[in-house]
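Dropping a structure here in structure tokens format, bear with me for questions.
In order of appearance the chains are A, B, C, D, E, F, G and H, and numbering begins at 1 in each one.
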Amino acid sequence: MGPEELRKLLESVRTRDTSIEEAINKLKMLPYDDLGYAKIDYHRHLRKGFPEVIFCQGKTVEQVAEIFKRLSRASDTNIIGTRASEEMFQAVKKHVPGAEYDAMSKMLMRRFSNTAKRGKVCVCSAGTADLPVAEEAALTCELMGNHVERIYDTGVAGIHRLLDQVDKISQANVIIVVAGMEGALPSVVGGLVDKPVIAVPTSVGYGASFHGLAALLGMLNSCASGVTVVNIDNGFGAGYAASLINKLAGDQ
Amino acid sequence: MGPEELRKLLESVRTRDTSIEEAINKLKMLPYDDLGYAKIDYHRHLRKGFPEVIFCQGKTVEQVAEIFKRLSRASDTNIIGTRASEEMFQAVKKHVPGAEYDAMSKMLMRRFSNTAKRGKVCVCSAGTADLPVAEEAALTCELMGNHVERIYDTGVAGIHRLLDQVDKISQANVIIVVAGMEGALPSVVGGLVDKPVIAVPTSVGYGASFHGLAALLGMLNSCASGVTVVNIDNGFGAGYAASLINKLAGDQ
Amino acid sequence: MGPEELRKLLESVRTRDTSIEEAINKLKMLPYDDLGYAKIDYHRHLRKGFPEVIFCQGKTVEQVAEIFKRLSRASDTNIIGTRASEEMFQAVKKHVPGAEYDAMSKMLMRRFSNTAKRGKVCVCSAGTADLPVAEEAALTCELMGNHVERIYDTGVAGIHRLLDQVDKISQANVIIVVAGMEGALPSVVGGLVDKPVIAVPTSVGYGASFHGLAALLGMLNSCASGVTVVNIDNGFGAGYAASLINKLAGDQ
Amino acid sequence: MGPEELRKLLESVRTRDTSIEEAINKLKMLPYDDLGYAKIDYHRHLRKGFPEVIFCQGKTVEQVAEIFKRLSRASDTNIIGTRASEEMFQAVKKHVPGAEYDAMSKMLMRRFSNTAKRGKVCVCSAGTADLPVAEEAALTCELMGNHVERIYDTGVAGIHRLLDQVDKISQANVIIVVAGMEGALPSVVGGLVDKPVIAVPTSVGYGASFHGLAALLGMLNSCASGVTVVNIDNGFGAGYAASLINKLAGDQ
Amino acid sequence: MGPEELRKLLESVRTRDTSIEEAINKLKMLPYDDLGYAKIDYHRHLRKGFPEVIFCQGKTVEQVAEIFKRLSRASDTNIIGTRASEEMFQAVKKHVPGAEYDAMSKMLMRRFSNTAKRGKVCVCSAGTADLPVAEEAALTCELMGNHVERIYDTGVAGIHRLLDQVDKISQANVIIVVAGMEGALPSVVGGLVDKPVIAVPTSVGYGASFHGLAALLGMLNSCASGVTVVNIDNGFGAGYAASLINKLAGDQ
Amino acid sequence: MGPEELRKLLESVRTRDTSIEEAINKLKMLPYDDLGYAKIDYHRHLRKGFPEVIFCQGKTVEQVAEIFKRLSRASDTNIIGTRASEEMFQAVKKHVPGAEYDAMSKMLMRRFSNTAKRGKVCVCSAGTADLPVAEEAALTCELMGNHVERIYDTGVAGIHRLLDQVDKISQANVIIVVAGMEGALPSVVGGLVDKPVIAVPTSVGYGASFHGLAALLGMLNSCASGVTVVNIDNGFGAGYAASLINKLAGDQ
Amino acid sequence: MGPEELRKLLESVRTRDTSIEEAINKLKMLPYDDLGYAKIDYHRHLRKGFPEVIFCQGKTVEQVAEIFKRLSRASDTNIIGTRASEEMFQAVKKHVPGAEYDAMSKMLMRRFSNTAKRGKVCVCSAGTADLPVAEEAALTCELMGNHVERIYDTGVAGIHRLLDQVDKISQANVIIVVAGMEGALPSVVGGLVDKPVIAVPTSVGYGASFHGLAALLGMLNSCASGVTVVNIDNGFGAGYAASLINKLAGDQ
Amino acid sequence: MGPEELRKLLESVRTRDTSIEEAINKLKMLPYDDLGYAKIDYHRHLRKGFPEVIFCQGKTVEQVAEIFKRLSRASDTNIIGTRASEEMFQAVKKHVPGAEYDAMSKMLMRRFSNTAKRGKVCVCSAGTADLPVAEEAALTCELMGNHVERIYDTGVAGIHRLLDQVDKISQANVIIVVAGMEGALPSVVGGLVDKPVIAVPTSVGYGASFHGLAALLGMLNSCASGVTVVNIDNGFGAGYAASLINKLAGDQ
């Protein structure tokens, strides 16, 4: 139940279109629903401006299906499940026929077409192997109501590819930069634009990349100002933060 | 030379109030000035919306003084020197009488009173020992034209102190959260508000804090959405990113 | 052979209800039994107040079955096997029909119904994915004679879910707090209650969680007093320590 | 203000020995006092059973002196300042003449003679160089009302020194074991007794001790059950947790 | 070709029982044989007192089989292949029918019955899961001509099991101590005997054992004198070094 | 399109043998071709003297096939795909019949016979298990037009095997030294010759090799001058750098 | 004694201008001179093309002075002492009046004016604080007979400063790139030129730079081909390797 | 009191030359003497064949002086204090006039001239900066009754210096090899001799040596058989272990 629905409910109580009893029934699942293994937080949309996101990794297929089902019944907003398996998707689809799955980013979604669109978030990625993470970020932004510009495969070793795109990048309110290996791209982008940059290190690489540690450290030590960092491979986190930032710029 | 001054200069060229010769003289220091050991980037204000910031650590006293002097002559904007020593301040003051120094945050500044004020950035810190970093963030925000709300000493082990402040925190556009030791504060704050949170780990702690590593890892793994992270003790970086974000919300 | 049985045996020797020869036969398996690859320590119940626990990981199925069988014959107390596989359970069941297996926590058990119950231990967990570790802790406590209160899925990013449960938590003598990712929950709980808190980091997370290292460091640096820590994913160790502590509070 | 004082105050309000106005004045400093750089938590004694402890490292001498002074005025309980310098002690003594300082453990204290005594906590240490940490633990326990038995210099390489002391150790309700280098002592002690053991790794050692990391990892991986661990050199944390545990055993 | 054979060959050249041509043919494979991917070092027995050992991990099945075959033809000494797979054994057996394989320690061997026996090496291990490494050490010692005393499952948490064996341990010239988890056993053993102790950390454990790092650091920081350490899981290395040491004590 | 072809094209434009329209068509794929998931950089041969190399790991089979196909059509130079799977090779072969695959080094190649040959690069490796990395380096050098001398299995523990080869090694212009475990070989080689040495650590080893970290650190700390290092297992990177260096020595 | 002097000596022996006895006296200090604490290697110039370099750190002032003195007497080539203190310089100057000292790079030198000059080595550095390391590299190159082009303060966050210099950089045979913090500069430079790049990470930075680890890992994972890496702050090592490479390009 | 003295005492009791009372007085300090902060272990000589060694680091000057004094009174054997300061030596000398101090190795000693001499231990070191550790090893060996051969400054980058010494090295029963930086020397030495090699990593180096970690890991991964390792900078530990090993070879 989102804030819009809640306001309507309370107004209809005031206008006596809804009885107290009915209102209580609708509200009683607040603030959360306790499944024993999980407490579903329907209140979250009110508090954070977006419904609960399901971090699927480490949950059983049954748990994911049950939580997704309950969230989909409780509200009419978009729903996001990250790091989901194909098998989880199959289980969810039985209960929520409109659910979708993106195999590259491993995202499980319920998506409504009437999502309002805010200004542009730009998602840059350094190499082709970084795409799953970049797509997780891009899809999260889209599901949270943002226009997304994708600029992929623009690593720093071929700097001219990046310089060609500076105009496009500059038009976004926020830039998400996804890179593995040495993770240098956010520094270069951050030096070219005057917008907040969210850097996402990926585990792409081998040897002394130490599963993304090299990229993470590189980004944390960026000599460019205005760069902040999220966890390795955390495309969702970058997309979520970018959405909160983009919201500040107001609707278009 | 900031964008406002530049526009005026070009307009006065068009209106013939300034001769071509004069304009060339004023512009010729663009794009940067090469001191051998440093290339001063006067163009930066145009490109990034703020003048060059001097990272003083690792530079000699003479180098800092020379760079500060040149920047102060080239433009009428605020100037920031981070991780500066008292000795550097003394050397700068000889050339730039209006320079100030904040011993707690080790910041060296030239500050003009007519700085425009944007919406509020909130700076929270977990413990008293985190103050130098929190102040570096807060002063950076102020020098970049933001209202700042400081909420200090609100660690997660006394959660009621924090809950008392939720209303105040919620009114800010961006929240900077500074914490050492286990670095848990950003997760709790991030769960309470629907604004972007910039987490700053500090090196406060001992033993298995490993000079801030524990706090850094904690923040990168935050279970709250909307949290991004900067380097250990990087109050300046957090303040700078917060300013870019706050700018998106427009002037008040 | 537990301390109660031993005292009875010795008293019956004194009252001549048991002959010296009989007593010797019963005692002769003390102090331990050498299988070559393992020395089974029947004495342990006397020394530590609980029988040998079998750490099954790294042992062959045959070794686990043999040790479990011998322990079950030597004494009438509960028996615990941790990190056991389904296959080990099948092998044990052939010799010890009453053996049970909990697939989530991977615990292999022989459980007697007449277990005495002491005061309450509370087991809190941060996320659904932490449940296997939380259940290992909870089952260990139950098998060692404690009442257990389970409070699951109460992460710090939704602090109201936790605050709702403070009264329940406060009634326990000891609190076990299980959390992955940034591991912040023990700090918050430790700040709310005046009881010992045992923190269990889990390997839940990805990227810079480094298989539980982030949570471990976070807990070791907890700013709340009264928090001690066990190894990553060591639900059993937390349950065991909690049981020793709860025993000090006396039987109810 | 401790819980005992608070109850008396409220009873005297009920019996009209104290006017409402007086009570309000006495209570109004609740829940905490905001110094800007620190929020002093007078409520803590009620909530956690002990007054605020001052973590002095990273605070200025002036900050420590001010906080200590306010706490000493607000209540008649013992006060603890950890990791304090001699200089801080000199500043505190001016305001709180009865303050004491222990140079070995760097503890700053106000200690009342009428402290109630609970059952015994045993503090073992492995080597002479571990004494500062062991004393921090022991003094914390004493200031929190526990009898303390000190057993020092009993490293595992001379196991007979330890075995001589087993009887003494067994009489304690809780055992704190302090060790640097390989940190093996808690495992041996934990295998000999059936009481909770709190292990404190110290930074004593060199080379591959990595400032206490070796001891910390050793203790976390202890093969003895019932061992929990605190941060490197955190004698205070061990003493505090031991006090909470010992309280469960009741007064003697 | 071992030193004994070489001496005989040279003597028979001197006594003219062998022609110069024959001797050259026999010697010409010295110093090594180049297979392209490997240089087989037949000279090693002369130089180090033992033939080339094959580190099988990372080699293909074909490479292992070829090297083993050549070594077995070149000399009549024992041959050792470490970290070999069952499949490698099957391939070797076709060429060297007398080859043996020990699945627990993954050792591939050719063993002659007439191996001379030197004084005793004692191999202690802490837990049942450490057996594969302990057996690698023990078998290496046996193949290099030493008597071996195995004392298994004597962890420090049940110190009495170890103390029972001190006499047996003391009779050895060298003691190999194998332990995972906290790796404390070498310190205790090293404090009880006046013989060199070779400590072998194993990867047994989980979480903060970090695949044997905890045990390795523990052993390197041993407070007992006379302890030296080899790589994690390197039973072979410990056995080899123990054999060199035991050789110094002379034949029995 | 390589620089030679480009020069010819432009000359034929000048001599009117090629129409402007034709030239435009041939040049229009410059500077790169955007596939969405990858930007193919045909310009690279001009800029770096060699065509784009495909880092196959992390790309899908389809992506590799498409990129390889486009590169093979755009130019007549050798093409290199590193860390490719057998499956990728099968997909590439359908489009580029002359493609080759080396299973040991996992390299996918298109190789022209008329490759010019420069002076010698020597590739040394320490153990048989290092061969896949050594071959990746050697094949890269050959595909980039260098003579290659392979000297394998010459570890420092049998220093005479290495000393036998010093003359051969000294004749090369550059030496690539591949080693796992302790990674000591580059130091010894670097001390024997007066040519640049490129050290390649490999992940060969176990336990405290930490997947090549030990070898990497060893090489970075080499006491021999003239040694530089590439990433763990990065045979390609070493081969590429060696080729650039060898080019400086001129054609033979 | 360098190779030129040696050839002359031998020729003068052949022409009988030098007696056998004299020659023996001159040669007898070969191959090295044993001071007990150091073996001075006069042969090195022959073997490696340059005299012994003195790594001064960790040596006493007396040891450095003695070694420098002996080297200066034995030959007429340039001499380099790295990581030397001012105090060492004072001690050396007494014996070797022509010795020089560069305080920024801490280099101690004896320099002859007639040093032959080879083609250009370019030394780029990212920030002003990297200068001591960059100068160590540049001076090493100059002392080894190379022309040096210095391009300082060209970090990736202001990419236009770097792009302005590409032509200059491209004219060098080898490029040394010195950078701290995220260490991204070598990737960008490596992508722009077709010459070997030697990357030198510096310890410039703080927090998660971990004393240069971030820069080191970044450089090892460079996505640009042709980049090799030396130890953190090892300007000398980079200069030495660059000199060996530049020598291949021949004299100008 | 050493074993020889003890045997004489008991024999004189049997022959009535010593009264029971006298014997009791002499023996009563067994097994150890409790100073509160330290338990002095006079029994150690009996148990380990050598008196207690004082690890001085972390002890106060007073504690070291008191322990040294008591040990010197209790027995007539050599005494060793490691990591002692000059100041400690001055305090000890007041009580034990014959005490000596070696400033390079920081060893504090009481040395008797009539020390029996066993076979040779060889101590090799790689660089001049490794001397303090090498001397700690060498002096420990001498004080424990071994002949010592010192071979210093024989790093692997100048392998001919080492090869010159192989004969000398081969004559020792045990070889201690001390090296910092990449720590490669033990592998080379271990490949040349058939005697046990004890490797001592030192903290000599900078940057990626990480205070000796690189050398430590290198030595643990040595490809030479027969190499065991002690802690970083632990010359004493190597000397002690070497002495135990050399004792096995019997007196000369």
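Convention: contacts are C-beta pairs under 8 Å (C-beta built on N, C-alpha and C of every residue); 3 or more make two chains touch, one makes a residue touch a chain.
If you want to know which protein each chain is, UniProt gives these names: A, B, C, D, E, F, G, H = PurE domain-containing protein.
Remember, predicted model here, so these are calculated numbers, not experimental data.
Ranking E-F and A-G by contacting C-beta pairs places A-G first. For chain D, the chain with the farthest CA centroid is F.
With centres taken as mean Cα positions, chain G sits 28 Å from chain F.
As a whole-number value, the distance joining the C-alpha centres of chain D and chain H reads 39 Å.
Averaging C-alpha coordinates per chain places the centre of chain A 55 Å away from that of chain E. Residue positions of chain D touching 2 or more other chains, listed in rising order: 127, 158, 191-192, 207-209, 213, 216, 220-221, 225, 231-232.
The full set of touching chain pairs reads A-B, A-C, A-F, A-G, B-C, B-D, B-G, C-D, C-E, D-E, D-H, E-F, E-H, F-G, F-H, G-H. Considering their complex, residues 126-127, 155-159, 163, 181-184, 187-188, 190-192, 205, 207-210, 213-215, 217-225 of chain B touch chain C. Considering their complex, residues 31-32, 34, 36-39, 41, 44, 55, 57-59, 63, 83, 201, 203, 211-213, 216, 231-234 of chain D touch chain B. Against chain E, in their complex, chain H makes its touches with residues 47-50, 53, 173-174, 191-196, 198, 216, 220-221, 225-232, 236-238, 240-241, 244-246, 248-250.
Interface residues of chain F, counted against chain E in their complex, comprise 127-131, 152-154, 158, 160-161, 204, 206-209.
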